[in-house]
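Right after this note come the structures.
In the two assemblies presented below, chain A is common to both, partnered first by chain B and then by chain C.
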Partner chain A sequence: MTDSRILLLVLALPFFGSLLSALLPRTARTAAGLVAGSVAVLATALLIPFYAPVARGEIVRLEIGWLPTLGLDLVFRVDGLAWLFAMMVLVIGALVVLYTRYYMAREDPVPRFFSYLLAFMGSMLGIVLSGNLVQLAFFWEMTSLFSFLLIGYWYGNRAARDGARMALIVTATGGLCLLVGVLLIGRIVGSYDLDVVLASGGTIRSSPLYLPALILVLLGAFTKSAQFPFHFWLPHAMAAPTPVSAYLHSATMVKAGIFLMIRLWPIFAGTDAWYFIVSFAGLATLLVGAWAAIFQHDLKGLLAYSTISHLGLITLLLGLSSPLAAVAAIFHTVNHATFKASLFMAAGIIDHESGTRDMRRLSGLARFMPFTATLAMVAAAAMAGVPLLNGFISKEMFLAEALDARGGPVIGFALPVLATLGAAFSVLYSLRFIHQTFFGPPPTDLPKVPHEPPGWMRRPIEILVIACLVVGIVPAATIGPVLQSAVRSVLGAQTPTYSLAIWHGFSAPLLLSMIALATGTLAYFRFRDALNRRAGPPVIARFKGGRMFERVLADIVRRARSLEGLFGTRRLQPQLRLLVCLACLAGLLPFLQLGYATGGLPVTPLDPAFAVIWIVGGICAVGAAQQAKYHRLASLVLMAGAGLVACISFVWLSAPDLALTQLLVETVTTVLLLLGLRWLPKRQPEVWPDDRPPARVVFRRSADLGIAIAAGLGAALLAYAMLTRPLPDTISRYFMEQAYPQGGGRNVVNVILVDFRAFDTLGEIAVLAIVALTIFSLLRRFRPASESIEPPVQQRMQDAADLHAGGRRVGDTKKDYLLVPRIIMEWLFPVIFVFAIYLLVRGHDLPGGGFAAGVAMSIAIMLQYMAGGTRVVESRLRIRPLRWIGAGLLLAVVTGVGALAFGYPFLTSWFRYLELPVIGKVPFGTALFFDLGVFLLVVGATALMLVAIAHQSIRTPRARTPARPDVPPVIREEGED
Partner chain B sequence: MNVLVLGLAITAAQVLLGCAMMFAIFRLLRGPRAQDRILGLDTLYINAMLMLLTFGMQTGRTLYFEAALIIALVGFCGTVALAKFLMRGEVVE
Partner chain C sequence: MEIVLAIGIGVLTASGVWLILRPRTFQLIVGLSLMSYAVNLFIYATGRLQIDEAPVIEQGAAVPLADPLPQALALTAIVISFAMTALLLVVLLASRGLTGTDHVDGEEP
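Showing the complex of A and B:
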């Protein structure tokens, strides 16, 4: 049962669940909860059996080759530490899912929430199970991304948006630093594999790159784990729904930084740099967080700052660099996750049932919700470090380590004092949380009458609180072995002997612990009224990390804007001028250095007919450019002429496949451009004073003409130099030789497209589909220029003539117009359809193929639209471009995946000759199915664009009524008439 | 002898078709009316098709008739679209 491939399943499950949840309707909150819950439970069940090998000290590894030449393989590994963290992620995840189901309001789109949550869970698992550092950094950034989405879940709320943005920018920047740090480590060690890296601690510590790598990795860890001075994002992230705070911002994501520091502890720790940086950051975070937590009035704010403080405590322990401290750090990480997640959930219940999180308004809630109150009290006591609870044990270990710290008399004295102070603060705010909320007189001005939540909402807290109690009372029997295996996986031979017990006799740590408890309690009862009156924490309130962050961000944006103003432009002409000039320069430089010489190949004699055709094409192209600004129709006609000449050139130069496709594309292009022309605003010819453009304009135009001629001449000379030289031996010869034996087709172009480079084609058709969808959705909100809204002047004139002429009705002209061609166009539909199928089927051996066939088919559809008009066509013919696109993409992918089923790589094609009755022997290959997919998609994409533009005309009457300014056009889909 | 005649005839046809294309391009450029340009484009398409046919005869390869077939089959699309655009102001109503 511990096949390493199961690890992949464990990791894939959450992402799969996320996808599934995203597909559910927005009201399906129970279904989404079930999906999320079963994913978490199933993944837990799959991971549990790995405990056996892990406990024996083994490392279960799964390697999947990806880019082995670059040292990038997908490596998943589980050892004691990874197992412990993964279980924490999954179990707390499952509890949070249960809690969320009851926490979320009916009107919230809950499936979306679960989708994000599961994706986050998968990313988090990815971090802890990664055996490759680059892969770890990748999942690291993914957690930042999903944390952003989760914090901003209520995106209508400004605080949520700002908090999400801040968290993303801080943690993602840290993630980038981590990536660079990881690359440095890879440079030092020569491998990104975690096991190799862990085995070369000495090399890393003695490398000159050690310090930069350390600082970069720590920047990643500190930003993620909200360490001073990057802690400011965490309180802002409290705008997230409470389950997110319970899961991400106490139990898992903020522990990712801690996890990384523990993971890399064996290679980084032990140097002075590590000791000072990490201990200082940890100590500062511990004190700043605890101090700020005391002065919070918001329950979640208090918990956020206390989380910061506890994360600081863990960091401090790691910084102390002794193996025992590392043990304490791992232990406290688990303890903190249990009690803090339960406290967040309790805070959520209080908020949910009483309508406020402000401690100054809350009071005496124990009367209304005795169970929740008891649970919260136990969890808060664990946070404060009260004996018989898990927080007590790890806090005692912490104090013992603070007493043992090395580093001279000053640190030796200061550290225990500061540690005790931090512990006392922790007691103070825990007590304030409980006493202020649950004791005292009944509350007076609550928005709701508080009451107990549904039982299932409390259940996750109960489970976590029981865990706090059990671990607190019998630590060695419960968490002991798991902790031991985690510790051994990190420390290896350095694993110290330690005892997990609540009673070690009267010792200095116990004394400090008692002092902290007493001081904290006394301080609370002495200052509690003063605390309620204060608006913010004294001393540190002046340093507002969030404010500074905003200022820096605003500054960056302003600088970017001024840079953009300096170097950027939104006008096409300067952009093009710059681009062409640079391209010319880049093309010219090698010739300036090495000189220009034509090759030695003999020149083909000039064919007079071909020359005439090219002169025609050249005139068309120049004319099109010249007319483009004020005479669009003429320009379009000339472009069609130039396009035709290009096609003939392809035929002439023996590229029939290209010519065929290009001819069809030319036709579609002309019609689509004409369709768009109707909606372009009219251009007024510029009128200069006394009809002569000013010198400035004349100069600019002449300069542009010069640039254009230079660029054209340069390209021509370059082409001439290339064409008069023999072709180097490229891959094309291989394709020519192998097209038939390997691809089963005689049309090399088509074999390349659907077989040799089918993966490229798949990507291209996907892009085509995306483009079509983008055009479609952009045009749904299209607002034409004011002068284009009216029906064209021709239609108005003809309708008016119909109206005034005797014996005619409005619309008769339209009906009579192009009567004969219209019939022919309608009759052509089956003809072109057959032609398209012909192109498709023979494509593998002769010019044609899916793309050309698809374009031909869309011409047939286009002709119908032109002949009958939108309404007539759509009342007879149901065109569902979206379906065509979907079916095409699906067919192409399924054909590719089909090869996998036979044990070949993705998109391998298979062909043979089939003996058909009557017809005889015909070639048959799976590539045809792929090509059919291309065909369907091209038809769908072209038809979608066409329909999207064509619908603008029948939409106009509605667009003019001001009440509903942008009614989207309706594409006929099933179920609509 | 026959081959020579055929070769000469084809070359002559190509030259004449080339001239026809030049005349078409003259209308395309000058107009003066939009209708003239569109007719010019249509003529250009027809001449190009015929040019391809002569080219196919010259080389004896049937492959080039395909391109001619396509021009014959769908080449008029552009003309119709342009005509509709002129008469009704939009291509698809």
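Showing the complex of A and C:
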């Protein structure tokens, strides 16, 4: 049962359970609890058999190739340490699930909670089971994310939101540092595989990148494990529901940093940098945390700071760099997880059953909840390091290590003293926790009458407390082998001999331990009233990490704003100017490096007529640019002229398909823009104060002119350089050779579009359909500017003339307007229709095709609108652009899918000659159906755009303003739209 | 022919760039249209210039024809630039209706 693939299952189970739980209804607390509980229990059961190989010192690995060329494979591995941590995560997770079921109120959305909790559990397992450092960093960030969601679970509470945000920013920033550190390690070693990295400790320690990598990895670990000076987020995270605190701050989250430091201990430890950084951070955290814990009045606050202090203790042990200290660190990690989880749960029960967590209000609860009191007392005694409990053994190991620490006389003397001081603080706050809550006179002003919780709510604590006792009394027989396998997986050959006995004879550590117990007890009874009167811890109260964090954050935001104000702009013109300049520079750069030279391709002899056409084209382009501001119609005509020149160039230079499409598209674009002109404001020539524009404006225009000339010159030079170079061999040759044999078409361009690259074309027509629908929906809510609402002046004048002339009705002039061209346009409809079909059918062999045919067809429709007006056309013709679009897209896709039915890839075309009666042999291919789809869609999309804009003129606008008195009155037909 | 086409592309680009740097939405549309002419011609020109060699295969004739690939690309580009122009036009009309101005920033400077 130790198939390495089971590891994947263990890891996948929590995420699966998380999804399942998220799908449950809001009130399904028991069902969600069952899901979460069974996931935790099942995963535990699956993981237990791995103990056998792990205890033999083997590493069970599962590798899944992902991006092997980048050294990124999914690697899951379990060894002694990973097994120990994974079991801790799962077992305490299962207990927390049980506890949560009874803790959460009926109105809380409990399934959501379990969903987060399981996802967090999975991420945590991901960290400990990862065999690839990048993968580890990924799961690391996931724990940050899910802890954010868990801490902010009661998001209605401001403290919860702030605490969650602070935890996320601190730990995710640390995670980013970790990622960079991991990448550095990968650079040094040449692999991200954990086993490879662990085997190259010497390479890493002697590398010049060692120090940066170390600092970055430690930043990740310190932020996660709440080490000084990043410890401030942890107390703020106490706004979370108590089960979250019990889980995150005992066995998981904060232990991730510890896990990482233990994991990488073999490659990082032993240098001065490691020794000083890690020991100092650990010692500072130990003392600051313990000192602050003494002065808390909130039970959870006390536990939060004591957690910080114990994490500091473990970090300090790791920093001391001796193998024995590492053993003590691993051992204390497990011990701390057991007693701290039970203490958090006990604090939760007290809060739950008495209504407050304030130690100043609590008193004498032992008589109301004797069982809970006993359990909490044992757990707190373990935290204080009282003999016969697990905390005692690891604390003794710690004191022994403090006495043995190297580093000169000052440290040799100071470290044991400070360590004993920390231990004494620990005794003090543990005693305060127990004595103030459970002893003394009965409480007087509690919100609720306290009583024992439901039995099942106490059960997790009972299990944990029994574990504390058993490990404390017979350590070697219980935790011994597991600890040994974990230690060996980390230290390997360095594994020291150590004994897990409770009695080592009278020794210096025992003496220190006793001094700490006695000092702590005495200090509590001497100062307890003074403690209750104080509002915060002396000395360190002024350095509020949380406050500083907020201030730094606010400062960053303010600076970012001012930077944005300095360098950013919301105005589009400067942005575009910058973009164009950058594009010009990017185009210039290669020429500056390599020089400019034309190629050796013989030029095509110049036809003077071509030059003349382009002189006209150039004049049109410049004229369009010059006229665009004040004379839009002229500009439009000139622009169309330039387009026409482009079109003639295509004809001239062997591109008939392009010419045809360009010509037709040009027509439609012009009509579209003409329809749009109606809704743009009138523009009068600008008048400047001194008859000349101010210097600022002149400068801006000259600069733009310079940029434009530079861009044009660049484009011309680039085009010329390219045109004079020989054409390299491209894929075109293949298309030319295979167009007829494989595609069954002589027009290679069309064969490329509907056959070789039909998938691209499918994407393109989809874009066209989306654009048409966007235009349609944008115009449904269109509100014209108030000054454009009235009908144009000419129309009003015509209507007024109709009104005043005898025997005419309003609209008669309009109706008779351009009568002859109108009739011709109406008659043209069938002609253009036939022409479009002709273009479509011949497209495969001769210039034409679905695009050109579709645009031509839409021109036919458009002409009808222009001739007869919207109402007339729509009463005669069925204009259903939306259906045409749908049918076209469907036909194109179905044609493509049809190939699948015959076992060919999507959009493979089929072609053969058919023998038809009378007509004879005709080519027939599925490509024609595809082209028909393109045709239908293009007709639909173009018609939809044109009709949507055209309809605006006959709509009744939403915002209506009274007609101005100086123009003829408005006579409007009420629109149907 | 090459030099004329290259200059033509340059003039179209210059006019287009000048217009897209202007403040009024209509100028922007015209500018983008001119630029898309230039770009389409440029894409087409990557197949080099040939006269009377349309990429339509005649029976039996195996002459080197014009490169069909840039033509297919340019054809796509023409259709897409039409869609873009149409969309831009409608967005600008809607923006003018909402803000009451045809300045690209949605407000008079």
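For this structure, a couple of remarks:
Here, the second predicted complex is superposed on the first by the 565 of 977 C-alpha atoms of A that agree within 3 Å, B and C clash if a C-alpha of one lies under 4 Å from a C-alpha of the other, contacts with A are read in each partner's own complex, and residues count from 1 in each chain.
What we mean here is this: a residue touches a chain if its C-beta (ideal position, glycine included) is under 8 Å from a C-beta of that chain, and two chains touch if they have at least 3 such contacts.
Treat the numbers as computed from the prediction; the structure is a model and nothing was measured.
Once the two complexes are laid over each other on the shared chain, residue contacts for A:Tyr817 go to chain B alone; chain C is not touched.
By the document's definition of touching, neither partner reaches A:Ala805: not chain B, not chain C. In the superposition on chain A, contact is made by A:Ala642 with chain C only, not with chain B.
Contacts of A:Ser953 after superposition: chain B is touched, whereas chain C is not reached. When chain B and chain C are set side by side, the one touching more residues of chain A is C. When the two complexes are overlaid on their common chain A, residue A:Met862 makes contact with chain B while staying clear of chain C.
When the shared chain is aligned, chain B and chain C each come close enough to touch A:Pro847. Touch criterion met: A:Pro656 reaches chain B and chain C at once.
By the touch criterion stated above, A:Phe835 is placed in contact with chain B alone, chain C being left untouched. In the superposition on chain A, A:Ala560 makes contact with neither chain B nor chain C. Annotation: chain A residues 636, 645, 652, 656, 677, 846-847, 949 touch chain B in one complex and chain C in the other. On the side of chain A, the complex with chain B involves touching residues 608-609, 612-613, 615-616, 619-620, 623, 633-634, 636-638, 640-641, 644-645, 647-648, 651-652, 656, 659-660, 663-664, 666-667, 670-671, 674-675, 677-678, 791-795, 798, 814, 817-818, 821, 825, 828, 831-832, 835, 846-847, 856, 859, 862-863, 865-866, 869-870, 946, 949-950, 953-954. Taken in their complex, chain A has these residues touching chain C: 570-573, 576-577, 580, 601, 603-607, 610-611, 614, 617-618, 621-622, 624-625, 628-629, 632, 635-636, 639, 642-643, 645-646, 649-650, 652-658, 661-662, 665, 668-669, 672-673, 676-677, 679-681, 683, 704-705, 707-709, 711-717, 719-720, 722-724, 727, 730-732, 735-736, 739-740, 746-749, 752-753, 757, 760-761, 764, 767-768, 771-772, 774-775, 778-779, 781-786, 788, 845-847, 851, 938, 941, 945, 948-949. Only residues 1-27, 29-31, 33-34, 37-38, 40-42, 44-58, 65-69, 71-72, 74-76, 78-80, 82-87, 89-94, 96-98, 100-102, 104-105 of chain C touch chain A when the two sit together in their complex. Contact residues of chain B toward chain A in the complex are 11, 14-15, 17-19, 21-22, 24-25, 28-29, 31, 34, 37-38, 40-41, 44-45, 48, 51-52, 54-55, 63-64, 66-67, 70-71, 73-75, 77-78, 80-93.
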